[in-house]
Every structure is written in structure tokens, then in C-alpha cells.
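Look at the two complexes coming up: subunit A is in both, with subunit B in one and subunit C in the other.
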Partner chain A sequence: MTIPPPTAAPTGGTAKPAGKRRQLAPYAFIAPFYVLYTLFMVVPIGTAVYLSTTEWVGLGTPDFVGLRNFANLARDTSFHKALGNSLIYVLVSVFVVVPAALLIAQALHTKGLRARDLFRITFFLPMVLSPIVIALVYSLLLDRDYGLLNSVLRALFGGGNTDWLGDPTLAKVSVGFVILWRWVGYLTIFFLAALQAVPKERYEAAELDGAGRLRTFTAVTLPAIRPVTAFVVVTSFIGAAQLFDEPYLITGGGPGEETLSVAMFVYRAAFERQQFGYAAAAGLVLFVIVFGISQILNRLLSIGRV
Partner chain B sequence: MSAPATERTERPAAGAARPTDRRTGPRRRSGIPGRLALYGTLTVLALVFVAPMVWAVSGSFKPRGDIFEYPPKLLPDPATLDNFRSLLSDQPFWHWFAVSVVTAGLGTAVAVFVCAMAGFAFAKYRFAGKRLLFNVMFSSLSVPFAVIVVPLFILVVKSGLSNPWFALTVPWVAPAFGIFMMQQYIIQSIPDEIIEAARIDGAGEFGIFLRVVLPLLRPSLGALAVWQFLQSYNSFMWPLVLISDVDHYTLPLGLNILFRAEQRQFDLVLPGAVLASVPTILVFLLLRKQLLEGLSTGAVKG
Partner chain C sequence: MTPRSAPRGLGRRELLRLGGGLGMAGLLGGALTGCGTGRAAEPVTSGTVDLSFWTHDQVYYDFFAAAAEHAEAAGSRFHWRLHLTQASAQDVVTKSIAQAIAGRGTPDVAGLEIGSFTRLLRGDLAAELLEDLTEDVAEVRDDLLPMRTAPYTKDGRLYALDSDAPLCVFYYRKPEYARLGISPDFASWEEVLDVGERLYEREGVSLGAVAVGSELGQVVQVYEMLTMQRGGRFFDEDGELSIETPEAEQALDVLVRGVQSGCFGTVSDFYGPAMQTALKTGKVISVPMATWYKVYGLRNNVPEQEGEWRIRSLPVFPDGGARTSFTGGTGFAALRGKENTLAGVELIKAGFLTPQEQVRRYVEMGYLPTRRSVFDDPSLSDIEDDYCGGQRMFQVYREVIDEAPVYYLSADRPVLDTVLSGYVLRAYHGDLSPREALGRAADDFRGQTRS
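What follows is the complex of A and B.
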């Protein structure tokens, strides 16, 4: 099975000799983005680099401390914990949520399925809700003493004193489940659109070759939707690596630091402990990792070229 | 191997009216048991998605003591509006609502315009540095907010701009995702000939954008607007860091303090959550087709 080669040649669209205004127009059109990008992304990142070399409680002048913040981060077990937890969130997103979305999309793509739009919209709904709404509903449902989940378990099996948000492992599972619940319908949209765009002839050819369902899936479907898979994987990776809302709202990072993410670590250092330099350093570490990996992935998978 | 953004199709209007081959799925006749299993699974899944929301809506109409009763009653009995009344009378709920809706609305209106303009430039012009500028724009998608939040907070506070009307809107009116989405859509759905024709008629470049391109973009502008509105309305970390005055809280922040209050006020939190979700669910249901198709247009070529 082959895929049409990329037509990567940049197409300028309308290219004819024209006046100065026309040459300048595109720059004027993208100028607002670049002004905002400079002010609210480049300048802050530059400031973060400066702050990361200082110790500062938010008042007075920051004290220059060189690379001490980074040395401390390397020894800070909380930071290691946060990195580990964020890695777990990334792994859950990429290896559980993404495949689940593909499975659901595949199911929704079944020939002649009724109520496809109803299902698609229902699965997408969590994406529309505020994370705070999701978090408070789930923390009520998962509450150890009076949550609905434990009530159901109690009625069915007796016991039912499981501490879904207080046990180190279960707390991670709970946060992971909420991530799945919130994101899977969103990612399904991309996979479903991709599946619908696969040319019918390829399936017919596979059928003529006598390929079974699994073989068809691996030999026809997966290669054909590879670009979208790449896009979805990178998007999920970036989203999960900077996860803040779910652990902050559902478990507060607890029990202990068992669900603390890197973004929460940054927040806690800066806004609860007034260690602005240390927080900036932790943010930079996350930036280097996420930005670096996604640039490599983009290059490898050739996403986002003009 | 083609990637979402590399493959260039100059097919006019492919994205807008992509023929969705709804009846040409890959599955061959799988028989009635297979069908039943499929519908069964999908229905159970749908219940998993809907049940927590139904529980919350139902609970918001129950007296405090009934919220956690087991087995939970689907229909509240007795049903009461007291929770809503005390939420609206004791808490500055409408303040929070106004801050959220106004900042999200303003930001969205500007963002849609800025993104369409930049997307148009990247889609239909050839200019020096285009590839580099596009890559810079695109790579900003992979900058985690956690690296920006601390310095941005300090910069905004130091320059005296920490009021919600500025800080919740201006920094976010040029989302790279929106520019990318617009660029993809314009490539797919706006033929060069229309732009050429307008030029021959003597239209200026900005005039072409405003009077020719923008009207043709309407469906995808709707998608982008919904998306942007949701992002802003639901955003949590930045308002949490920024806003300290309770009257300037956004809805998520307001719900957060209710939830964290000493005696965990479920009977206020649930109606609050329900009321907060009404606008976004309404907007989504009204514009669902545009949003779902618009979102996937960028990643999947028609």
C-alpha cells in the first residue's frame, strides 16, 4: 500500500509581478500575530531565563544566583516526582487515550451506523465543559464516604470504602480516567474525519486480496491515517505534559505529591511559596523538554509545514 | 508519506463541502449479533459520558440532604429551586458570569479576525521568509504555558495591566492553532481566481481580505469562534494566578472558591456548575456541525 507522495512544494497561490503594496500586504496581515507573539511569548520566555538565574520572593531586586536553581531542581525529590507524574499523564494520553479514540472512531465509522452524529456529539460534550465543572462533579462522585461510585459498589458487593482520591495509585488512576473522559471524544473527531477520507478503493483492493479485518486495519487504515495520527499524538503529548487543571482541581496534587504535575510544581513554587526564580527554572526545564521533543516529532513526522 | 500540513490540494471548496462518505465504512456485513454488540457498546459509552452530567443536573434541584442519597433518584423528589436562589442571591454569580462572558466574547471577536488575516497571508501570498515565519508561528503551539505563566504574571502586574479586561483578553487574541486552522481552510476552499478577479477589478489587498475572503470563510470562522470562546471561557490557570478580587473572578474561579469553602457547599456548587455550563453547551449544540468539521479540516485534507 502506498500513499500519494507529499506535494511539499510551497505554493504561493497568486504569484505575479505586482506593486509594493502587494508585497507588503502579507507582512501587514501577519504583523498582529508577531507583535503579540513577541510581547506575550518571546519576552516572557526571555524573562523566565533571567529569573531562573535569580532568587526572588517577588519584592525588591532579584538576587543573581547563577545556575543554583537548576542544581537544586536536580536534587529536589518533589520535582522528580512531578516529572514522573507528568510522564505518566503523557503515557496515559498517548497510549490509552489516543488508541481509545481511534477505536471509537473506527466503531463510529461502521457502514450504515445510525445515530452516528448523536454519538459523536455526546462523546465530544466533556470538551465543552469547564475543567472545574468536571473536577467538582468527579470529586463528588469519587468521594470515599458519600460518593456515588462507592455507594454503588457498597450496594453491589458490600465494602465500598475505596479511597479513590486518597490512595496513591488510585488517585493517579482517577486523574487518568478523567483525562480519558475529557479528551477521548475530542480526538475521536480527528480520527473519524481521517477514516472518512480514506479512499474506498483501497478497502476494495484489500478485500479482493482476501485481507481479513485486522490485516485491512494494519495494512490499509493505519498507513492512510498516519498524518492525522501523528498530529493527534503530538497534540496529546503537548497537552498532557503541561497538565494542570485536573490534578490541581481533583486531587490538589495529593495524596502527598502523588498526582503533582510539573505545571502544578511551577504554580506552587511561584504563587504559594513565592520562589519566583525557582519556579521560572522549573518552567524552563519543562519548556526545553516539551519544545524539544515536539520539534523532533514534528520533523520526524513532518507536521506543520507551509 | 504525506503529513497534515504538507499535502497541498488546490481543490476548491474541498474543506467546506467535503463529501462525507457516511455509508462507505470499512466494515463488511458483520451480522446482527455484531450490530447489537456495536450499538450496545456505543450506548454504554454514551451513558458513561452523560451520566455524570445528568447526576449533576438532577442534584442541583435536590435539597442538600438528598444530593447523596442512594440509590440516586433521576428526578428530584421533592424538586426545589432553593439551591439556585441561594447561589444567585448570596454569591456574586452574575459578576463572575459577566467577567467570563465579556472577556471570552471580546477576545474571541478579535482572535477570529487576527487569525483569519494571518491565515490568509500564509495561504495565498508568496513572500520572503514565509517558511521561517510559518515555522515560528507553528512551533509556538508547543510552548507549555507553565514556562510563561510566572514571567507573564510579573510583567503584567509590573506594568499595571493586571485587570481582567486586559489580561484575560489581549495576550490570547492570536492563537497559533487558529491561524493554522484558517490557513488550511483558505487553501482548501478559496480559489485563487476569485482573488485575481478582485485584483483586476482594482481592489486593494486589505479590501480583498475584508470583502472577498472573509465572507467566504464564514463556516470556519464560526468553528474558530466557538473553539476560541470555549478555550477562554473554560480557562483556569491564568485567571487563578491573575485575579485576586472576588468581584472580578471568572466563573471557574468562583466555582472553585465555593467548592473549596469550609463546609463544601455542594448545594451551591452543583447549580453553579450547571448554570456555568449552559452557555457553552448551547453554543456548542447550535454550531456543532461547523465546529466538529472545522476542527478536523486542519488535520485532515478533504
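What follows is the complex of A and C.
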């Protein structure tokens, strides 16, 4: 690459302003990005950090309270429960949803599969449905007394009085199932794209070496799609750690606080209890946890490295 | 390649730092210091006023529009033109606060549902946002029901006027009671439990219902109603938690025994499809609920049962308490510091304070007067209700109004709803005794409100 020599600065009375303009020009070109970045990233994050050290109801001047909000969070049983629930959602997402998506992608990738597009659309459909619709449908399905699921169970087995959304354990299972139902199709698309990019020669070589299906999957497929898997794992982790829609709409965080997620905790503190400082502190804790673990995952999974 | 040196004092890093710093300082300072309400605008004192009116229910808009016409005809100095914005009860509060932060676009008059109003009790929100109506009601203060001004009062200042005195009564479906051979003249809740248990065993029919779904407020609603009837309350006058009492325990005990025996059915949504199904299928044939439940719960969900329902006062607790209780309500407030604040206050007074409008409110909307003297208006006692088979319902209300308990709110009410709902459900399931449930709820509440 050849670099053109710098143009000689003009001399005389007009030289200085022109030179300055030229020096400023690059900054003017990159300015829009930085202005927007500052406005929509730096300022909100800075504001959140500042708010987390205050007590503020939404109007008036925030009162500085130092680290008291964080100290209270450390002792808040509700926040501990929310952290625990979010951990469960993360585990479901990473260890159930991601493998399920991979298996479905593998199935859809099978040679000679008929109506492949129909299957793809079917699996992807929940992703494009409005969360409100999903919540409505599932509350009708899972209602203890008048839900479709219990009605079917009652008709088939005579029991069917299970409180899917009212029992603490089953409510978590129900939310977990909806996460699986909603996200698996979306992740399947990534895996499918990755599987289609695996060179056929590798499968032929494995076949010649006498590898069975399982061996081919573990020795050829998985290493070949590792970058995509890593990406899917990290984004699933981040999405699940910040989960809000599913528990908010289906169980409202209940019964009690049994399905409350950290994102819901933040929302509740800010917009239902007018504790903006406390909400900001909880949001900051969530941010630090998600950012920290994402960085660890990035390194472990070598994301973005050749 | 030789890197070109940046001009002195305008390095890339310095420029970015400067920009970031200035942006942060400007926006952070502007955003937070500007969050107070602005300077008070010069108020409009007469003439035509375009009034921004926010509510969760169109029926209030219609009522106030008519009240404005009546007041104008009676010689009001204002000519109000109402502009409706309809949003959910929660959103009316959320968006009012958001607009106040923005410094413009707040409503002139807002209908604040009582469950959402609690949010304005935190810090100085109510004082910052709402006009103090204390002086405006001074002339009729003694006539206003204190139990309906207490919830909207903070530090001795009244910030909203209630749209209703939502007394709780016992709704029952008369033909179904007759068909099943039971009398609605229960002497006490104990008798309800006794009859209800046998009825559920025999017919699979319940004499009441409680919510067990995801709406936390609904889960505790019936429980709070009974607690207040028994003479207890969730918060005392000073806003202190007051659930570890024999009254609160007895009320929960009645519900727990009722749910476990089938006397009270369980529904996921008290105002939605689950309750509608329970009512339509005749699985629930009576409900203890507030006055407004006839409109929002029964007439909306089971219009075909018109003429079948009746009301009576609540069955009593043997150990004491009243024959009624309260649940719900919506306070109307004017937002302070606006040019239309005075016009807003005058509209609320015109709609909610005059005896004529209180009578009209009951006739047209079914919402009870909040002035005690209006309960003695003979025209109200003679009104027959079509949905309730021509019953003169006001006579029932008139009989129990003086027993109605005072209802106090607290800024921490949402916290209590959260923790209490979980433990109430566990008590229903039999995992905890009523006393244990209330004790643990109180512990959690104190843990969460430490800050």
C-alpha cells in the first residue's frame, strides 16, 4: 500500500485556517458516531452509575447515599431470589435450549428431509409471535382450573388438577418450557447455517475412516461449528440473564417471587416502587455479572480469535 | 508510514474525553436537576379551558364531561373542553411521572386508581406532582367520608377525591341458591364455611372465589377485604405494617379453610376468563366483593344472568368486626403548577363534591357517594336495579355505610402485595399456618423495606 505524501501546507495569511480545517476534518467525519455513542451509551451508563449511589423517586433532586443501595441489595432476600431464578433461566437456556436447537438443526439438516421449509417456519414461528400473544395463550393453556392442559389430563387420566403457574417449582418449569419453546427455533437457524457450511469432504473422510453417526457428530460436526456454538452460547447466556418477557407476562414473577428475574426486579423497583436508585444499583450489579461472565466465556470459547 | 502528529491540545483522546465529559455533564446535570417540577405557570382563572384528562376508564370521562356541562349551566366561570387520554391504571401514573420529568405534557386532571396511587406516596412525589385539595374541600370536609379521604391523604394534605365509596357486599345468585336448597342468610363466615363445604362435596359448587394467579394485587384483595371487615388492616394510620394481629390471622384462617374445603373456588384471574368461566358454568354462585363488581365483574362477564343476582351485607366474624369492608377506588387529582391547575381543581369539585353530581354518579355509574349526607337522599333508596332483579341495592349500602372501616395506604404497599401474596398462596396450599404465613410475610416485608 502506498501512502500519498502529506500535502505541503500553504503559506501566507490563509494557510492557518485552512490547515486547521484539514486537521479537524477527520474528527468531523467520525464525530456522528462518537456523539451518538456518547448520548446513547456513555451518558445512560454514567447516569445509571450515578443514580445507583442515590435515593430518587423520579422527581426532585436525588439524594446521595453512597454505597447504601448496594449494601441493601446484598441483604435483600428478594434480590437473592431473583439472582437464583435468573441463574436457573441461564442454565435452562444454555444447557437445554442450545443443545435442543442443535439437535433440531441436525435433524433439519438430514438429507432427503421432506417439507424442510415447513419445519423451519414452524420452529421459527414462536420467535416472531408477540410476547403478549404467547403469554395469553400459555395462561389459557396452563390455567389450573380451566386450562386446556389440565382439561386434557383430566379427560385422559382423571386427575389434572396441577397448578402449573401457582406451584413454585412448576411455575419455574413452565417459564423454562416457554423459554425453550420460544427460543429454540431462533437458535436452530444459526446452527442450520453453520451445519450447511461444514465441508462435505470431512464427512466423506469420516465415513471412509469408518466413523459412526455419533463419532461423526462429535469428531466432525461439533468442531466445525464451534465458532457458531460459542456465539450462540454467549448470546443465549446474555439473553437469559436479562430475561424479562416470559416471567413478567406469564407468572408476573409469582407465585410470590418464585419466578422473579433480576430484570423484573429492576423494573419493579423503578416503575412499581419508585426506587430508581435501588433499581439502578441492581441493574449495575446485573451488568457487572453479565459482562464479567461474558468476558470469561469469550476467552474460554475463543470467540473472535483465529 | 509516519504517523501524523495530532495538533497540540486537540488529540484524539483529548477530543473524545472532552466530548464525553461535556455530554455527560450536560445531560446528567440537565436530566436530574431538571427533574423537579418547573416553575408554577400563571393559572387560567376563567373562560374556555382545554383540559387534558387522563384515566383508565372512559366512563369517568363521560361523567366529567356531563358534570362540566352541568356546572357551566349553573354559571361556572370555566368552560371546560376535555381531551381524553386513556391508558391502563399503572400507565396513568407512570406516564404522568415521566411527563413531569420531561417538564411538559402532564395531564391537567388524572384518575389515579388506588393501587397505583400508592406509588405517589413515596418521597415527595405526591407533593411535587399533585395539587393540594385540602383547602378546596374545607367547606364539606366534615361531610366527606373519612375512610375515602384517608387513602389519598399524606402529611395531612388531601391530593385526590375518590370516585366511589366501594363498600363490600355479598353477591349471590338467588335462583341457584334456591335450586340447591340453601339460604343466603348466613349468620357468620363460620356458617358460610360449613354450608359451603357440604355444598362443594355434594355439587362441586363454591360459595366464593379467591384469585391465585400472577396478579399479586388480586391474590391479596379478598384477604385484605376480610381483614378490614374483621377490624384489622394491612397498614396503620402511620403507614406501619399491621398484619401480625389476631384479626388478620382470623381473616386468613377463614379463607384458608374455605379454599381447602372447596367452599371458595380458586381462579387465576378474578376479572378475566377463569372467573368468567366459573360464573358462567355455575361453579361459583356467590362472591364477596365491592359495589363496582356488579359492573366490572358480573354484568360484563355474565350478562345472561341479569335478574338472578342479589346483594346482602357481608356475613360477620363471630369475634367482632363490621358487616362491610372496602376494596378499590380511583382518586381524581389535578396536577400542580400548571396553567390549568385551577380549572382542573374546579372540574373535580364540580364533578365529585356536589350532592347532585354524587347522586347522578350513583344513578349512572353505580358508584356510591363519598359525602355522608347523600346517603340519606331518599331518591337513592328507591332506585331498583335491573341486573339485581329489581333489588333496591342502596338500602343495603345505606344500612352498612357507618360500619365501613378506614383504609390507610403506604408507599410500601407494592412490597407487601409481593411478599404477602406468596405466603397467602402457601397458606392456601396448607404449607404454612395463617400465623406462620403472616409472620414470614412480615419478616420479608421488613427485609425488603430496610432501605
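By our rule, the second predicted complex is superposed on the first by the 265 of 306 C-alpha atoms of A that agree within 3 Å, B and C clash if a C-alpha of one lies under 4 Å from a C-alpha of the other, contacts with A are read in each partner's own complex, and residues count from 1 in each chain.
What we mean here is this: contacts are C-beta pairs under 8 Å (C-beta built on N, C-alpha and C of every residue); 3 or more make two chains touch, one makes a residue touch a chain.
All of these numbers come straight from a predicted model, not from anything done at the bench.
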By the touch definition at the top of the document, which applies to A:Asp245: first (subunit B), second (subunit C), both, or neither?
first
Between subunit B (first) and subunit C (second), which, if any, makes contact with A:Phe40: first, second, both or neither?
first
Report for A:Phe271: first if it touches subunit B alone, second if subunit C alone, otherwise both or neither.
both
On the A-aligned overlay, A:Phe231 touches which partner chain: subunit B = first, subunit C = second, or both, or neither?
first
Looking at A:Arg21, would you say it contacts subunit B, subunit C, both, or neither? Reply first, second, both or neither.
first
With both complexes superposed on chain A, which partner does A:Gly166 reach: first (subunit B), second (subunit C), both or neither?
second
Identify which of subunit B and subunit C touches the larger number of residues of subunit A.
B
Now for A:Arg116: first (subunit B), second (subunit C), both, or neither, which partner does it touch?
first
Classify the contacts of A:Leu140 with the two partner chains as first (subunit B alone), second (subunit C alone), both, or neither.
both
Using the superposition on chain A described above, determine whether A:Trp181 touches subunit B (first), subunit C (second), both, or neither.
first
By the touch definition above, which subunit A residues appear in both interfaces, subunit B in one complex and subunit C in the other?
3, 6, 23, 27, 34, 39, 43, 46-47, 58, 139-140, 146, 271
Contact set on subunit B toward subunit A in their complex:
1-8, 10, 18, 20-28, 30, 38, 41-42, 45-46, 48-50, 52-53, 55-56, 68, 70-72, 114, 117-118, 120-127, 130-131, 133-155, 170-171, 173-174, 176, 179-180, 187, 192, 195-196, 199, 204-206, 209, 230, 233-234, 236-237, 240-241, 251-252, 255-256, 259, 266, 269, 273, 276-277, 280-281, 284-285, 288, 292-293, 295-297, 299-302
Which residues of subunit A touch subunit C once you look at their complex with the stated criterion?
3, 6, 20, 23-24, 27, 31, 34-35, 38-39, 42-43, 46-47, 50, 55-62, 68-69, 72, 75-78, 139-140, 143-146, 163, 165-166, 250-258, 268, 271-275, 278
If we count contacts the way the header does, which residues on subunit C are in touch with subunit A in the complex?
1, 4, 6-7, 10, 12, 15-16, 19-20, 23-24, 27-28, 31-33, 35-37, 90, 94, 97, 100-101, 119, 122-125, 128-129, 212-216, 219, 265-269, 273-274, 277-278, 411, 414-415, 418-419, 421-423, 425-426, 444, 447-448, 450-451
